[in-house]
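Following this line, the structures themselves.
Common to both upcoming complexes is chain A, partnered first by chain B, then by chain C.
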Partner chain A sequence: MRIFRFVARRLLQLIPVLLGVVVLAFLLVRVLPGDPVRSILGQNATEEDAAAARARFGLDQSLWQQFLDYLGGLLTGDFGTSIQSGSSVGSEMALRVGPTLELVVISVTIALVVATLLGIWSAKRANRAGDHSVRIFALVGNSVPEFWLGLVLVLVGYSILGWFPAPNGRVDPDTGLTPLTGADLVDAVLTANGPAIASAAAYLVLPVLTLVVGVVAPLLRSVRASALEVLHSESYAAAKAHGLRDRTLHYGYLLRATLVRLPSLAALVFGTAIGSTVLVEYVYSWQGFGQWALRGLLYRDYPVVQASVLVIALCYVLVFLIADVVHAILDPRVRL
Partner chain B sequence: MARSPRPGASSPALSRRGVLQLGGGVALLFATGACAADSGDKSTDGKSGGDAAKTLRIAVSSYLSSWDQDFVGFDLTALMLYKNVFPYLVDYGVTNAGGSQILDTQNITPTFAESFEPDAEQKVWTLKLRRGVKFASGNEMKAADVKWSKDRAFAAQANVAGVYRTIGLTSADQVKVVDDYTVEFHQAFPSALTRQIQAISLYVFDSVEAKKRASASDPWAKEWFAKNPPTGGYFNVAKATQGQEIELSANTGYPGPDPAKTPTIRISVVPAASNQRLQLQAGDIDIALGISQRDIQDLKKAPGIKVISAASNRQVAIQMSVTAAPFNDVNVRKALAYAVPYEQIINNVYGGDARAAKSPVPLDMPGYDESGYPFTYDLDKAKAAMAAAGRASLDSELVFEADNEEQQKIAVQVQSEAAKAGIRLKLTPLDPATLGERRTKKNIPLQITSGQLWVDDVEYMLATSFVKGANLNYSNYSNPEIEQIYEKSHTTVDTGARNALWKRVQEILAADVPWVVICQPNFNLPVRESVAGWVQPMDGLARLRYLSASA
Partner chain C sequence: MAELRTVPDGPAAAPVVVPGGDRDSRFARRMIIAGASILSVVALVAVFAPLLSQWGETEIDAANTLVAPGGSHLLGTDGNGMDIWSRVLYAARLDLGIALAAVALAVVVGTLLGLVAGYFGGWLDDVLMRVVDIFQSFPTFILALAVAALLGNGTINLIITIAAVNAPAYARLVRAEVRSLRELPFVDAAITSGASPVGVLWRHLLPNSLTPVRVIAPLNCGWAMLTLAGLSFLGLGVSIPEAEWGAMISLGAADVVGGRWWTSVPPGLALFVCVLGFSLLGEGLQDRANAKRR
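Entry: the complex of A and B
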């Protein structure tokens, strides 16, 4: 019950936070140098054409009026019209969020599992060959840029070994997948489309692997350090001295105490993973949210930038909320 | 000091089983991938062997931003697709030049139209439609569709409305329906550009379908057209997988000349140039539209691949601000023109695959004259020009597009050589929006530009680049005589008289030197050896109907 009250309170706190994000995003994108209209004009456009284009997107209005229009639109679920494409930002975003969330959620989930298993395994073998290998892997994962790793994986996995499909999208178009959420694997499962499930899974392997390698490294180091701390603690030594079963020791004393710090770190890493998708999506032709937001920023497509900042902020806040709740469940000392 | 507890024999559950589970999981993941890769991608009929004659695969760098040609930004993928899926009523013919096939901008022929001819004064142009041409909806293309399309362009201030000003079309009233298959365009003045302007503007929407989607708040169905492909062109869009692939199928109902040679063309989006290269080498694509110059050089030696090289009218230049110091001094502009290492750039940046430019008027454009740009690399002359300007040295900024490897290489080489003449340049890469804003404010002293004009004519070049206030006139250049020539050219339709005007234009530009004209790079396209029929588009927008692949 206490947790539900905590969640409700935090959800209410979202309103001023998101309002602040809306205001800041609106102002900051306009502070940036750059003309959003110039790039949509033809070769022989005149100043009158530029003025007409500005009027078409409401950019001739006062800043205050533009903000009120934007806010009014948000309240009715209208994110505005993209200056570059002339399409509704909401509908464009709906197509882009699913693929990126699928990529990030699968990657972070795998990274969490791998980090937990390997981190504890490594701590139990501290300073032995296995531990050194894991630490070297973490070091490499921290050091390798995602786009480089992505290109190498494409070269090896697609070009040399031929195990994986060409980096040209998210699912084989010939599978006839009906898009529902935009997350192709989810859509394939929901529509029970066998070939699409296999194809979407195959397309996911390399980009997920690229993200996992980058994301798992900090998690791994954290889990290993926490596990070592627990293994060296008096409470663990006392429990072991009392002759508790290994299973009880592992799950009751080591695992739970080790994972206490993980949710906060995982939330941070989730944010990093969203940022990393910009390059990963480029390398794997993923056409997700990251590439869309980046293009919006490059061309100062105000409605696109505003919407993408808002969605990223929303994701962050929700993920940290989940992290806090999980932390409270894992650590009884935490009072919500 | 506490020691790390050594795992005893009684606690190996995590270590062994965990590792096995993990290894098994990864193996399963890879197996799934390998399995699906075999069952999916490789089994399609798009490979270059076997039945490749039925299907061509083309990789492009980005997905189009909208299907509505009237309101799209400068999106080359989109513009190329429109050329192939919209019914353009007239288009360029094809000619041979230097061993390659190119679009013939002097020969504009009816395609979906039956004829497009002027009256004696060349002010009223009559467009006659072919009968029986249908959109994918089954609706027949009629004069009402042409009229609705042009009404839309004017009412909604679409891109075409701006282009039409060049030929004296400024209002929807000037487009008149005569009967179901005849439309007249009443221009305010005769123009030698009419055919070329209509070749890039005369595309038609299915107005019957459009009206079904229109609403009071969206009378021109913009929301619907942004998301739904047009129909009735050389190809129809059989399937569009958002962000990933567009499948075109040949329009078998096309009644005009040069129908599509390949029944199916699959256009896949591969942003990374290196991935396009890998897929081309693997035979998963037949044509790579978006590969880097460096990869092209390597691919020339790759087995199974050929690199088509065709003369292009894309021109690379440095525009100098003639209204701000230090380049408001013509001698300083001449100094830079003499300090640029033209041959070195052609060799180092383009591997020798570019033509030296002798005029701001592109090579091959009617009216081109070598007197337009009499500058070659000569550091002594550069230093003499600096001395004539009363300067030993100067500092300036050279702006180029961020993320443009070609321009970056040029900038570095210009910087190095210009320094020897006393012109110290700070290199400034800018993102598209910042570049656009600074161009609007006309506060860039030097900037590298690269592009080709949509209309192959000096009048159009002046309109876009050299008259006061022109959109591409980043130099802020103006010359009263050129303004007069430009005005006169609107109503001068005789070829000889026009060429005389263009010769004078080039003499003036040679004296004023608003641009450093670097070169005209050839167009290079890596394709599988089986691919044939590439026609070099002089407007940069590929006509896919000519392409084929041998089985």
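Entry: the complex of A and C
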């Protein structure tokens, strides 16, 4: 019951934060240098053409009027119309969120598993060769530029070995995949399209690997640190002194206590991964949310930028909320 | 194995007993030495780039575009006919310079804000911390993209962009430190003996609250460099023909599919090694700081 009250309170607290984000994003795009309609008009457009285009998108109205219109639209679930494409931002975004979420969720999940296993393994061997190599690996993962790693993986995996498809999309168009959610692997499984499953999986390998390397490093460091803390704690020493079996010590004491920290770490890393996808999608022509938002930013497509900022902020705060709830479930000491 | 170790001089001149800490600190020391060596080499390369390269930073060899490594071009040329080896060396100037300047600016601004917020508290503290909250409710790279689009490129703007994204973290760190330091007797003593608020802040709180900052800053430099390169890669940072690693990778990105590795692999490798230098240094310093706290 307490958890429901906590969630309800946090959701209520979200409203002012998101309202702040809406205002900030609205103002941010309008102070950006550059004119959103110029880029769709071309070289020879006259001042009248520009004025007409501005009127079409309501950009000739007062700032207040524009803001109220935008806010009114948001309340009815309308994100506005893209200046570049002329189509609804909401439906465009719906096509883009799936692919990116697929990439991020798979990568973060793999990274969590790898980091937990390696981090605990490393902590148990603190300051020995195995531990040192894990730590160096984490430093390498922390230091490698993801977009460059992506290119190197393309070079090796596609250009040299030819094992993986070219970085030109998410699934082979010849497989005739019917899009449902936008997450191609999920769609392929749902429609039981065998060739599309294989193709979507093959396209996923390199971008997922790229993201995992970047994301696993901070997780690994934190898991190792919290496992070390548990190993040095009095409760663990007491349990060990009582002669508990290794299995019980490992699963009941070490693993459980280490995992308690994991949800909040995962949330943090989820945010980092969203930032990284902008670069990784660009390398692999993933055509996901990150590339869409970046294009919006570069072309000053106001409604697109506003919508993507809002969605990123919403994702971020929701993920942290979920993390807090999971933390509370895992750790009975936490009082919400 | 507990062992009594004495450090000859430096800040920790007293004998310290670190359980099992000898190996630990040896590893930390090795990381610090490795990181510092890498960074010294990069700094030397940045300074002596003209002596180490036979082509200029933006010199174009129009007859030889996209040639493979070998001959008069040690690492080949890019699509514009510029020498990769020379540009990789020259790029150290801009990358290292912007990253260091941005982190320095972030430390100064963040520390000042944190000091003021932590010492005076009240509405000022509330406002500053809410602003920090908003900044920190976005993934940092996304924030950097937005600020870069806002300010436009150019060296100074990039420094401001990266500093702006990082300053909130320092503000929060220093504020927390100041709030706990403020409760200590020595601050009370200074105040009762008639020191002015500025005096207390400057002489007592500032030096003491900088300890965590010193540990975070090197790691942050590496991150700043990755951000700069990422922005340039997407066309929001340094642009060609200036030599910068991220912009060079971006220019060579399309060649990779055809197997032409030399336009994008060397600048990325240089970037990676340099960031690794910062990471090693930062991690080593962090280890050392943790050992001291224990």
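Throughout what follows, the second predicted complex is superposed on the first by the 336 of 336 C-alpha atoms of A that agree within 3 Å, B and C clash if a C-alpha of one lies under 4 Å from a C-alpha of the other, contacts with A are read in each partner's own complex, and residues count from 1 in each chain.
The criterion applied here is as follows: a contact is a pair of C-beta atoms (placed from the backbone, for glycine too) under 8 Å apart; a residue touches a chain by one contact, two chains touch by 3 or more.
Only a predicted model underlies this, so the values are computations on that prediction, with no experimental measurement involved.
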{"item": "Joint occupancy of chain A by chain B and chain C, clash or fit", "value": "clash"}
{"item": "Touching partner for A:Val154 - first (chain B), second (chain C), both, neither", "value": "both"}
{"item": "Touched partner set for A:Val186, first chain B, second chain C, both or neither", "value": "neither"}
{"item": "Touched partner set for A:Val278, first chain B, second chain C, both or neither", "value": "second"}
{"item": "Contacts of A:Ser39 with chain B and chain C, given as first, second, both or neither", "value": "first"}
{"item": "Which of chain B and chain C A:Val317 touches, first, second, both or neither", "value": "second"}
{"item": "Which of chain B and chain C A:Ala239 touches, first, second, both or neither", "value": "neither"}
{"item": "Dominant contact partner of chain A by residue count, chain C or chain B", "value": "B"}
{"item": "First, second, both or neither for A:Gly86, with chain B first and chain C second", "value": "first"}
{"item": "Contacts of A:Arg135 with chain B and chain C, given as first, second, both or neither", "value": "second"}
{"item": "First (chain B), second (chain C), both or neither touched by A:Leu59", "value": "neither"}
{"item": "Doubly contacted chain A residues - partners chain C and chain B", "value": "32-33, 126-127, 151, 154-155, 158-159, 166-167, 282-283, 298"}
{"item": "Residues of chain B that touch chain A when the two form their complex", "value": "2, 4-5, 7, 10-11, 13-15, 18-19, 22, 29-30, 32-37, 39-42, 44, 59, 63, 65-66, 68, 71-75, 157, 159, 162-163, 165-166, 222-223, 226-227, 239, 241-245, 247, 268-272, 274-275, 278-279, 281-282, 284-285, 431-434, 436-440, 453-454, 460, 463-464, 469-472"}
{"item": "Chain B contact footprint on chain A (complex, rising order)", "value": "32-47, 49-50, 52-53, 56, 82-88, 91, 95-96, 99, 114, 117-118, 120-121, 123-127, 151, 154-155, 157-159, 162-175, 179, 195, 198-199, 201-203, 205-206, 228, 231-232, 237, 240, 246-247, 249-250, 282-283, 285, 287, 291, 298-300"}
{"item": "Complex interface listing, chain C residues touching chain A", "value": "20, 23-24, 27, 134, 137-142, 145-146, 149-150, 152, 222, 226, 229-230, 233-236, 246, 249, 252-253, 256-259, 261, 264-265, 268, 271-272, 275-276, 278-280, 283"}
{"item": "Complex contacts: residues of chain A adjacent to chain C", "value": "17, 20-21, 24, 28, 31-33, 126-127, 132, 135, 139-140, 142-149, 151-152, 154-155, 158-160, 166-167, 271-272, 274-276, 278-279, 282-283, 294, 297-298, 309, 312-313, 316-317"}
